[in-house]
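Two complexes are shown next, each including subunit A; its partner changes from subunit B in the first to subunit C in the second.
== the complex of A and B ==
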């Protein structure tokens, strides 16, 4: 079991030599630099890009954000939701109401609108948190359908006819593009960047432990119930932010579109095919979905069947998704969240630095 | 005499019609090693689950360091100083061995990241896992998973450590080394309750033995006396008087 001369540290505060723990790799530094360049390119796009390409970037950013939120939910908190469209829809509607009916600047209304999905997440979680696995999933879908039915019957938001964001006509096309692309950049910083920061923090350790074994995590001091609740609320707000931005770009929202279950399907496809539980996987999945949606959606049913088959095959033969397959062959973590123990720090032990 | 760190009175638990524990009383003194014996299904692990908070009590009450545990959640009990291992190891399979310990050190022992890094590295060294610090726990052998269970429980810096059959499946030499490690753990002023079927291992270190059978306590006392008890010999070793 161990050597004959066992010397356990007497307590955590005892004088124990400092150790070196590595948290970055060469590939992660390159990825960080690439992300910074892409972000600068993104926020300057209205000055050099075409309007059609800006719409592509908005769409891709929205897919990336909602999928990353779903990744936190399902990949870490073990909460498989198929009702994320509830948060897309309520945030979108809230933004339209704040901007159109209350005269609030639409770019500010986007940020205010995320409070409503956050509030909606509270009773939803209170209602569903005792359910497990597929029961929880069905529960989220039922809640989303119920919210959609309620919105369909509210005359104040034009019921089934939906709403149009006429206030955007006060801005020029260039101003709108600057506003929306900057909102997208902020959204990616908050959702994807925020997730990366969270996963690298001490809470990331708890989240990963909770993903792998919630019973053991609880008995090691992790407050699993509270963490799950916080992730559910945060994911609702992040998903809502993406919904608000998406419908601001569309200038129109209807209950059928805002509460469309395809929002949840997109999340599931991206995360499962790309790779659950990793940020890289979500990036890969979002790229695949975006390209497929852009260039093959015209094939209608055949396109849907192929997407479904890809999800099925991944679930059956490559549980860790495409990124999982890649990383099992080549070790190039782009967004590492782990901690690699190297040993006693050379500085503390008097060795060569 | 050392103070009582854990006491339980009238501990009872049923799963449907199956009565797993019936009015069991237990007392553990600080610094003591209490061994728990009993045939399969005697209620040993259920007793652990109720001390750690993984299962709720039907009747009775536990007191830890003079305060009732009531329905306190497992994570709070861990932070108060109750650490445990599981009979079937429950590693965080996707995390490395080192990260497994970091969870316990940062959340169970509430250490800062810097303190936890050094504390966990030291425990890995002492538990013979230093060379495997950066391997994912899912890739470890059963033996190493058992070592990891113990190391992770230690990383939560417990004052009461619940060991659930950690010697199961080990060779004689490995079990001997494990006993040495348990002795060392006691020197850190950690009280230990150890469920074990490997009699040699538990007899080597236990100050006291408690024997359960069908949810009832049938013996509690010094190891030699308990092993000589005719009821224990009949129930646990199949020796008829």
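== the complex of A and C ==
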């Protein structure tokens, strides 16, 4: 057990409870080790894996990242967006323009492209933050549609016919694979790892409080408005990063693909079916979606009917998703963000350090 | 003349949107329920109508008599088996539930009808038009606008003059208080959604006569209906109608400026209203 003694800020004169805070469990330490091993396997994959499998890993990483960004939005900030494709598309297009038209190294352009979805998020949020719940959701969708239609009318980015990333031909297949896989690994560290770090930090308490009851959180000193704004912008940038990487791997982007509402569908399915408000849930949901998309898409659209019905049933009968069903039966947190307080033992005396 | 024509065509286009917006104004504006599958239901009913007209050779009018009751049954079941389970302060579950339903419906329709676009033959009514001083006005769009106006007026009267309307407004305002006065909110909601979707039975036939239909068209219809309700103002039945006119005119003028600008012009008007008058044009305050 990882333990830490902390000093609780209390009023002068109040006795300070001698509590031990537990932040890890056996299962979470195994999960952390497994993540480290998987990350090493991932970044070394270009030297031992097949190209086809590398593409799978890229795809899966992208799903994981955009879903986790949506999870922060919906699960903690209470902001349900069905317009995340706006950020996927603008980041992808920015990367293509920077690399193709300005001659910037594409692997650097991926990181620079993240600024544009961040900037787009500012007016979007300014316009939509007054709307609550469903209004906000459909509002984000309208913004995404408007951005798509604007891009469709811009001749500079070839309007409806889209762009091709020809500059990638200067690299060998191996170099491209190393570059993209390393980008994916960094993306997962930033989006999923970053969320985990954020949720375990002091800010995580504020986020959890906001998730459970925004009004009560506000009264406890959490700046809900500011936090929501920051999460919206951060999620836009994280989603954009995933979009840039995805379209770099595709080597081609069109308005119809980049701004496809199915990006939002993917987020909603993964998070709601997997389990909203937990990192484990996103992992479970992303696995289900990836397997379904990979192996059942060849039999037509029937698998999407089933995924849609699964989303419907989760909303009706299991709001906490599959991970919620699992964790209500067995307690094996993989990415615990809570704090377990162990009371003072009678044998132990003296104050806290 | 070009702009007068755009204005007239815009009002006529608005008549089509007003039919979608009516059900949306009732569910979204009054009951505060989100139905993401609203547009997909229009498309489903239109496709059923087209297939039935081809298979049995029936005309548009008998089709309406079949599709409206069918749509009402679909609406009633949707409320009873899905939405009544997620009614509550938190609107996220109804959003997610109908979102899942929308995805399932779209892909089911894709499996049944494939991605082809199709249209309904109406025995000449779809192409008939009158020439008024050089402006051609289609008979069908006029019919759609008249139907939309009558339906909006009828629903507005129902909401304000009947027991059912009072019960619905009471249930929407305070579910528990309404239940104490003998209103069963779930039953009232089920009838209201039956009306909201029942109207789509008529809209589906008009939609299939007026334009081509494909399984992926639902989301666009949903967005138009949503924009109309927000532009007009929530909670007002006539608000959705006015919003539809504004949206239709914005799109028609946009198309005249540049064919690629039509739908975008509608979105931009919506976003402008949102930025400057978020409570909508018709609402007081």
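Throughout what follows, the second predicted complex is superposed on the first by the 329 of 353 C-alpha atoms of A that agree within 3 Å, B and C clash if a C-alpha of one lies under 4 Å from a C-alpha of the other, contacts with A are read in each partner's own complex, and residues count from 1 in each chain.
Following the convention adopted for this analysis, a residue touches a chain if its C-beta (ideal position, glycine included) is under 8 Å from a C-beta of that chain, and two chains touch if they have at least 3 such contacts.
All values derive from a computational prediction rather than experimental measurement.
When the two complexes are overlaid on their common chain A, residue A:330 makes contact with neither subunit B nor subunit C. By the touch criterion defined above, A:206 lies against subunit B but remains apart from subunit C after alignment on the C-alpha atoms of chain A.
Legend: residue contacts after superposition of the two complexes on their common chain; A:340 is shown touching subunit B, with no touch to subunit C. Contacts of A:307 after superposition on the shared chain: subunit C is touched, whereas subunit B is not.
Of the two partner chains placed by the overlay, only subunit B lies in contact with A:218; subunit C stays clear of it.
Annotation: subunit A has no residue touching subunit B in one complex and subunit C in the other.
Within the complex formed with subunit B, the residues of subunit A that make contact are 1-4, 6-13, 16-19, 21, 202, 205-206, 208-209, 211-213, 215-225, 277, 338-341, 343-344. The part of subunit C that touches subunit A in the complex is made up of residues 28, 34, 82, 85-86, 90-108, 110-111, 219, 222-223, 226-227, 230, 258, 260-261, 263-264, 267-268, 270-271, 274-275, 278.
The part of subunit A that touches subunit C in the complex is made up of residues 74, 80, 82, 127-128, 130-135, 137-139, 141-143, 145-146, 149-150, 152-153, 261, 265, 268-269, 272, 300-302, 304-316, 319.
Contact residues on subunit B toward subunit A in their complex (touch as defined above): 52-54, 73-75, 78-79, 84, 86, 90-96, 98-100, 102-111, 113-124, 126-128, 133-134, 147, 152, 154, 156-157, 170, 174-175, 177-178, 180-181, 184-185, 187-188.
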